[in-house]
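We just call them A, B, C and D in the order they show up, numbering each chain from 1.
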Amino acid sequence: MKETIGFVGLGGMGSAMAANLLRAGYPLRVWNRTPERAAPLIAEGARPAATPADAAATGGIVLTMVSDDQALEGVTRGPQGVLAGLGRGGVHLSMSTVSPALARRLAEEHRRHGAAYLAAPVFGKPEVAAARKLWILVAGDKQARERARPVLEALGQAVYDFGDDAGSANVVKLCGNFLIGAAVEAMAEAFTLAQKHGVPRQQVQDFFSRTLFDCFVYRGYGELVALEKYEPVGAKPSLIRKDYGLVLEAANETLTPMPLAQLIHERLTSTVAKGRDDRDWSGFAREVSEAAGL
Amino acid sequence: MKETIGFVGLGGMGSAMAANLLRAGYPLRVWNRTPERAAPLIAEGARPAATPADAAATGGIVLTMVSDDQALEGVTRGPQGVLAGLGRGGVHLSMSTVSPALARRLAEEHRRHGAAYLAAPVFGKPEVAAARKLWILVAGDKQARERARPVLEALGQAVYDFGDDAGSANVVKLCGNFLIGAAVEAMAEAFTLAQKHGVPRQQVQDFFSRTLFDCFVYRGYGELVALEKYEPVGAKPSLIRKDYGLVLEAANETLTPMPLAQLIHERLTSTVAKGRDDRDWSGFAREVSEAAGL
Amino acid sequence: MKETIGFVGLGGMGSAMAANLLRAGYPLRVWNRTPERAAPLIAEGARPAATPADAAATGGIVLTMVSDDQALEGVTRGPQGVLAGLGRGGVHLSMSTVSPALARRLAEEHRRHGAAYLAAPVFGKPEVAAARKLWILVAGDKQARERARPVLEALGQAVYDFGDDAGSANVVKLCGNFLIGAAVEAMAEAFTLAQKHGVPRQQVQDFFSRTLFDCFVYRGYGELVALEKYEPVGAKPSLIRKDYGLVLEAANETLTPMPLAQLIHERLTSTVAKGRDDRDWSGFAREVSEAAGL
Amino acid sequence: MKETIGFVGLGGMGSAMAANLLRAGYPLRVWNRTPERAAPLIAEGARPAATPADAAATGGIVLTMVSDDQALEGVTRGPQGVLAGLGRGGVHLSMSTVSPALARRLAEEHRRHGAAYLAAPVFGKPEVAAARKLWILVAGDKQARERARPVLEALGQAVYDFGDDAGSANVVKLCGNFLIGAAVEAMAEAFTLAQKHGVPRQQVQDFFSRTLFDCFVYRGYGELVALEKYEPVGAKPSLIRKDYGLVLEAANETLTPMPLAQLIHERLTSTVAKGRDDRDWSGFAREVSEAAGL
């Protein structure tokens, strides 16, 4: 029988992932800040935990999926935190999008307690998670990575290894969110130029996503930008603006100028400042149209 | 037997395309500013023309592939120009990367002379042209487009139709060059950030070009940017800087702010100003590394 | 008695300047594209000219003050143009804001005809011109500069000499329009930040224009930006956008990246695209407020 | 006899200011992290304090002048901090360049302890401080401002009042550092454009600093940028980069896009990344020249 896994953080992503672990035969102990969200999983056989620490078994594996640095610190540290529950030999599989700096600090703290902290951020929306199609990155202690691999494989379509420094996986995750935003900005400028010259936006998107840019981002986000229909909401502008804050922070720490990342951060700031936080974050493309008087 | 086609402009792209027409069974009359470049085609059966007008048969098809707006105007207008040779019923298949504004003016001039001007810009380097793998756009007079289609199909892997306004195809071509540069800038910033955080550039490129960005541009240009090896030279920075000048001009005419296009134009300007015109244009990515002190 | 001067271009600036020449005792021959604008000057003693050439006396001095490169070329070249009228020994005092490239071409053309072309652009609005408070730059042929100096001194508070290359004065004029726009952008960002933190815009402007930035631009334009009242209209956004086009063209020719000039050009483009061309050009500062959701 | 004042932070600025207070007849109790720096003041009659708390008399006035947020928190909080020493009725005159957010938090903490926190940042280099020519801003509790006014007047040429919110003065100080950097960037771009067109940088700077921009910043910083001689060092790039970090943080908190502030932050980042931290911070203007291939 498979070992019991602790699961902390049952938002849209976490719930879908936890359900897949249950289906893969892992007994779960689950915890969420608002306990009601645990009900569907408990109905499927998961047991509730009283605290994050309680979700962790000594020497076991705990997976966390929460919204930001602060939330991760909250469920990790202190007497009720994951780290207190894990003890020696435990593995914390941290799948949230957080700063590389926090990942590195937590890795060090876990090491001092004889536990291991793995960064394992993912690409994919909740539907993608539910379909077990996530792309998963992993980095941190080597032995822990080997032990965690079957768990990660139960969650996504592929697992990519980024070595011993836990921060590495988070850096690459931030790079990905940046690259997606860059593609959105580029398409928004290109489609707007075409539109102003009488060429329909969708015709342009259709051409490029079949030829030079025949890939997931230019097809999926490209369609939203072409149609200027920023629904359904994969992630809100204010949420991804937080991620761009992490990108710029990671750039600042290492003296890396990123003018394109700054431009997108600025677009997201305007989007939120104008009260347009109810659409998908790719809706910052509207700023491009608006600046052109459309 | 197929009709004779005039071919004007035998640079790297033009020569490869002309050779494919010969192989497809089209008799050719060829002209180039420096006549020596015609020799290999003449050896394969093409006949030399004394002037661009001479390459054109009355009512026939002439294809032009030259370096910029000025060169296109040079081979098109005047008593020795293509338009004088074509006369009524002729079709000018203009495959160069030029401004939408020039395309529209030339379309009007051809119309007044009873001829048709088709814009048919392409995506692909000389090797791609040689392998008949070009992506070809076409726009302009409807009847002429129908007549020209078999010729275009002999030159590339697919032909995409952008309607009656010749300028449309050029706008989309410019959008493409812009989107490629945007992807290069985005990757350069992302890979530099990763590098500064200890993650190898190639590992990042490898991950994204297998997952979110599994397409031609992120694989091909991505490899150049990851390795920081900007060879072989597909197109020089000064040449593509000219194209970005056309992008910004097309944006100016239509009151379309394009800050990302401006950023890349600025990068290309620095690249040329620093005397780095001997590498592929994607080498502007070095500006990103350099600004980060690498 | 003073020598007769030809005066071509009687817009707001030109009319005020011509009136000052009359008052200084210079007989004038005046020409304007729409002749009615000459009436007030004729009432004060100026004689009307039938063409720009007619305004010029052989070997005399003609002053031109028109709206852009194209207009200057129009009144200068051809059988009815200023240059035809001036002949050998004549001096063309060109006071419009035009491109350095045109100035250099016209200087060469005048030289070939035995005449001299002086670039003498000015800083100041029509009221400033009327009050003889213009700052005047001059560059071009040395002897011609000496001959023209008393005329220039009758028009402004001070004349600054920029040497033999006519283009130099135009470059400096463009630098000035750029520096003003840069100050407007800087104040707009600073005042908006202050406003968002609860500090009144005017209090900030008042402080800086009494201390670190105690000068004309930060006081005058500063007040417009602080009050967000972009009236009266000194120059429309579309007019100054044309000047920024010249700045970027001059930068392009010499491979000079100017990201701040691009930013302001972009702001002006948005202002015009949104149909806000009825306020002073410094009204592009509204784009800053708007991007902040105000 | 005047009341004794505590003085914490004896760097270049603090030492010059403290000496002026002694000369104005204020007995001083001084403290510095490295005690040797206090020696010259003690030689002039100041008494040494063992801790920041010890420099403060209950109900007295303490002035702090330290390098950043962290240093200010260090000397303010805890049993040895200024706040512990001041007690009820005391006034903390905080003259460092720190974030508005910290000023607001500290104001609240002081209020809870019955003391008052005044933000009183200054403009001017150490020589300016020594000459009592500082421009001083002040904001915070009204009564405390009245009490502190004579002390501030002993330190500078003028005191500007920004009301009850301590954060306001810091916001305006940050605006000032931003406006100076914006002027440096603008001049760097303008002078480089002129230079590329054959017009000497100094001639351009001389013209503008006598006419449109006849003020302190365009004269002083303008000369450095014109001569490209970034000495003496008023403040290092890394120090002012920290201030731009505060500007962007203040902008982020309030959803205020500041693209020009981002551009300058990026320039400063490059300057530090390239190891050029040994010149005055205005030396970021070299990035402009370098991007132009000079």
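Note that contacts are C-beta pairs under 8 Å (C-beta built on N, C-alpha and C of every residue); 3 or more make two chains touch, one makes a residue touch a chain.
Here the structure is a predicted model, which means the values were calculated and not measured.
Q: Chain by chain, through touching neighbours only, how many steps does the shortest route from subunit B to subunit C take?
A: The fewest steps needed to get from subunit B to subunit C is 1.
Q: Could you let me know which interface, C-D or A-D, is made of more C-beta pairs in contact?
A: Of A-D and C-D, more C-beta pairs in contact link C-D.
Q: Using only Cα atoms to place each chain's centre, name the chain farthest from subunit A.
A: Computed centres place C farthest from subunit A.
Q: Round to the nearest whole Å and give the separation of the Cα centres of subunit B and subunit D.
A: That gives a centre separation of 54 Å.
Q: Roughly how many whole angstrom separate the Cα centroids of subunit C and subunit D?
A: Between these chains, centre-to-centre, one finds 39 Å.
Q: Residues touching two or more other chains, restricted to subunit C: which are they?
A: In subunit C, the residues touching two or more other chains are 255-257, 259, 263, 266, 269-270, 272-273, 291-293.
Q: Could you please specify the touching residues of subunit D with respect to subunit C in the complex?
A: The contact residues of subunit D facing subunit C are 100, 123, 135, 137, 158, 160, 162-163, 165, 167-168, 171-172, 174-176, 178-180, 182-183, 185-187, 189-194, 196-199, 203-204, 207-208, 211-218, 247, 250-251, 254-261, 263, 288, 291-293.
Q: Which residues of subunit A touch subunit C once you look at their complex with the stated criterion?
A: 266, 269-270, 272-275, 287, 291-293
Q: Applying the document's contact rule, which stretches of subunit C touch subunit B when the two form their complex?
A: 245, 252, 255-257, 259, 262-263, 266, 269-270, 272-273
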